[in-house]
Amino acid sequence: MSPDKFLDFLFAGYGAFWTILFGYLGMIFSRQRRLLREVEELRRELSQRKG
Amino acid sequence: MRIEPLHTAANVAAVVAWGAILGALYMVFQYVPMERTMGNVQRIFYFHVPSAMVSFLAFFICFLASVAYLITRRRGLDIAAAAAAEIGVVFCSVVLITGPIWAKPIWGIWWTWDARLTTTLVLWLIYVAYLMLRAYLPEGARRANLAAVVGILGFLDVPIVYMSIRWWRTQHPAPVIMGGKGSGLAPDMALTFRVCMVAILCLFVALLLRRIVVELLQDEVDHLYREADVAPPERG
Amino acid sequence: MSQAGGEGAAYAVEAHGVAKRFGRITALHHVDLDVPRGGVTALFGHNGAGKTTFLRIAAGLMRPTSGSLRVAGLDARKEQAAIRGHLGVVSHELFLYGDLTALENLRFYGRLYRVADLEARCAEVLTRVDLIHRANSRARHFSRGMAQRLAIARAFLHRPDILLLDEPYTGLDQRAVATLNELIEGFREAHHTVLLTTHDHHLGFTMATDIAILRRGEVIHHTPAAALSRTEFDALYEASLQ
Amino acid sequence: MVFLHQLFTIFMKDLRLEWRTREAMSAMLLFALLVLVIFNFAFNPDRELVLLIGPGILWVAFTFAGVLGLNRAFAAEQENGCLAGVLLTPMDRGAIYLGKWLANLLFTLVAEAILLPFFVLFFNLELTHEIPLLLLVCLLGTIGFTAVGTLLAAISANTRLREVMLPVLLFPIIVPVIVGAVESTGLILNQQTEGLAGFIRMLALYDVIFLVTSTLLFDFVLEE
């Protein structure tokens, strides 16, 4: 096997790294966005009730 | 615990981490020469090994936070343990996937049940079970107690697993593996490795902070639902 | 254990700033409550006010996040084991093993409480709750009412001097209510203490010597029952629901 | 003395409950027997293959049966909130753990004692003087996985899906026990002694470490 043939494996390896990382980042940030929206909505509702 | 300062810290850590990762990628793909026997695929090593070390560090942090939690009962430590375990599983997954990709062209096999590989797999299974346990328990002090117990038990198990697999392997000779770790790394390779180590460490810190911020936000939301006397929506 | 440890104290339960919280979730905000010895104290409050949490803390099933708690004159942080011998607990959970007989259930708990004259005491207790003829049937085959009477028997088997009752009347049948009332009456005569939670303000008011109202994890009123007329109490109770 | 009395009270209560219902025992035996039969069909092993894969089959049967028994152990305590009832009494938490562990250990050992002859019979093994050593390995292996199993069963009893949660938590943690027990059993069946002492020592070490840690951690499992 020539070293160049190993390039597929190299790209597969880094591909796996980035897929997992971005998959995980996507998960946390979508959760964070949802939570921030909920916090805002609830705060608005609470202040409306008081006022 | 206040969210704002942590939020800022998480942002700063993210910027640092991205910078470090870009630097590391430059080192791996431009700076460092191709390894003579393994060829280009050896470049996986620079991210694979630091990921393994960081996942182990994450599980160790989970263990420490679990012990500290059982002593002090602070929610912050429970959050830290959960976040560390989750990110540990992420990096451990990276290790378990990049490992075989590196191994196949070099050793000719995807997987071998040697002590290091098997222990990593068992470690992954233990902490996936830990996360699953947390998912199936209602949140609160009870969940924190139970999870901490598993966090401690699981980590104490690791050296025993490693020892037992090593003994087991001496009974069944494994395929001969050439020098796995960077034994006698050339100076420019050693430098690249160190840069990657720092970069992955920064990435870990950034992810950990972000994950803690999200969990604190979750607490805030739960708290607000109670204040507003509204039932929170069912989450999948 | 020092059964005598708490005999001198004026209060059966002394709670100062007792709180239970975890992160941002607060189950009990801040409870100050002295439960006088020899009385029947009724703890009122609507669902989620923290009645059950407080009772579970007093019973030693939950540990408070902060505050100081003395039960039977003993420090709840340090002398938990000694406290347990003083307490009898009835809750909506029956604490009975379905596949053990009534007698075996009592014997099991009696051994753990280290009741000295166990056989005689079990027979006596079973007679008092009128289950002696079913002593050797499995708890699983009991009707709901009979099982509740057995649960009550279990609670005073070890001669406690403080009785903690969590919503004791919910779902009881007539005979179980009578058994429970006898037990409370017996406690009052012996100058022992009863602390009960209830949302049935009618029943609670008629039997209590002391009244405490809990709202959002805080005691907002605590007075002897004699100091309040029925209408005053009703007004207070209604106000606590707001 | 008081501690032992409490421990014994819990142990006898579990024995009595099991004697009444025979739920854990019958489930364990039937399941393990099925494992032996199914594996026999799956591999259709000849004499040499039996010596190779037999130990693994045996310990798969033992540990899976053990999980069934462990899951039952806290089901009775959850019904009617009995565990809270026990916690109301002035008893040592450690005695609850050790009492329940001893009961689980006994049930699993009895099941194994019944299964072992079937294993020998089904796979046409000839055992004579190896038997004491084999029993020692069974004892040490079973102590190991029931010690952790009792603690984890108390944890998983709090979850929905506890039947799934227990094996998911337990199996990764008992990998050393499975490795040690399977290897020792294999060496014994093949009448080899080399390396056997090492595995037996490892099993014993695991047993001690996890009995002590589980006893210490059990307090936190019960507390709220």
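So that you can tell them apart, the chains are marked A, B, C and D in the order they are listed, and the count of residues begins at 1 in each.
One rule holds in what follows: a contact is a pair of C-beta atoms (placed from the backbone, for glycine too) under 8 Å apart; a residue touches a chain by one contact, two chains touch by 3 or more.
Since the structure is predicted, the reported quantities are computational estimates derived from the model, not experimental observations.
S.K.: Taking mean CA positions as centres, which chain lies farthest from chain B?
M.R.: C
S.K.: Taking the mean of the CA coordinates per chain, how far is chain C from chain D in Å?
M.R.: 39
S.K.: Can you compute the centre-to-centre distance for chain A and chain B, using the mean CA position of each chain? Integer Å is fine.
M.R.: The mean C-alpha positions of chain A and chain B differ by 16 Å.
S.K.: What's the distance between the Cα centroids of chain B and chain D, rounded to whole Å?
M.R.: Distance between chain centres, rounded to whole Å: 31 Å.
S.K.: If I count partner chains per residue in chain B, which residues reach a count of at least 2?
M.R.: Touching at least two other chains: 141, 220.
S.K.: What are the residues of chain D that contact at least two other chains?
M.R.: Chain D, residues with two or more chain partners: 223-224.
S.K.: Could you list the positions in chain A whose residues touch two or more of the other chains?
M.R.: Answer for chain A, listing residues that touch two or more other chains: there are none.
S.K.: Judged by the touch rule stated earlier, which pairs of chains are there in contact?
M.R.: A-B, B-C, B-D, C-D
S.K.: How about chain B: which of its residues touch chain A in the complex?
M.R.: Answer in residue numbers: 34, 38-41, 43-44, 47-48, 51, 90, 93-94, 97-98, 101-102, 104-105, 203, 207, 210-211, 213-214, 217-218, 220-221, 224-225, 227-228, 230.
S.K.: Which chain B residues qualify as touching chain C in the complex?
M.R.: 73, 75-76, 78-79, 139-141, 144, 219-220, 222-223, 226
S.K.: Show me the residue ranges of chain A that touch chain B in the complex, using the header's touch definition.
M.R.: 1-7, 9-10, 12-14, 16-17, 20-21, 24-25, 28, 31-32, 35-36, 38-39, 42-43, 45-46, 49
S.K.: Which of the residues in chain C end up touching chain D in this complex?
M.R.: Of all residues in chain C, those touching chain D are 1, 56, 59-63, 81-82, 84-85, 87, 89, 91, 93-100, 104, 108-109, 111-114, 138, 154.
S.K.: Of all residues in chain D, which touch chain B in the complex?
M.R.: 148, 151-152, 155-156, 158-161, 165, 168-169, 171-173, 175-176, 179-180, 183, 195, 198-199, 202, 205-206, 209-210, 213-214, 217, 220-221, 223-224
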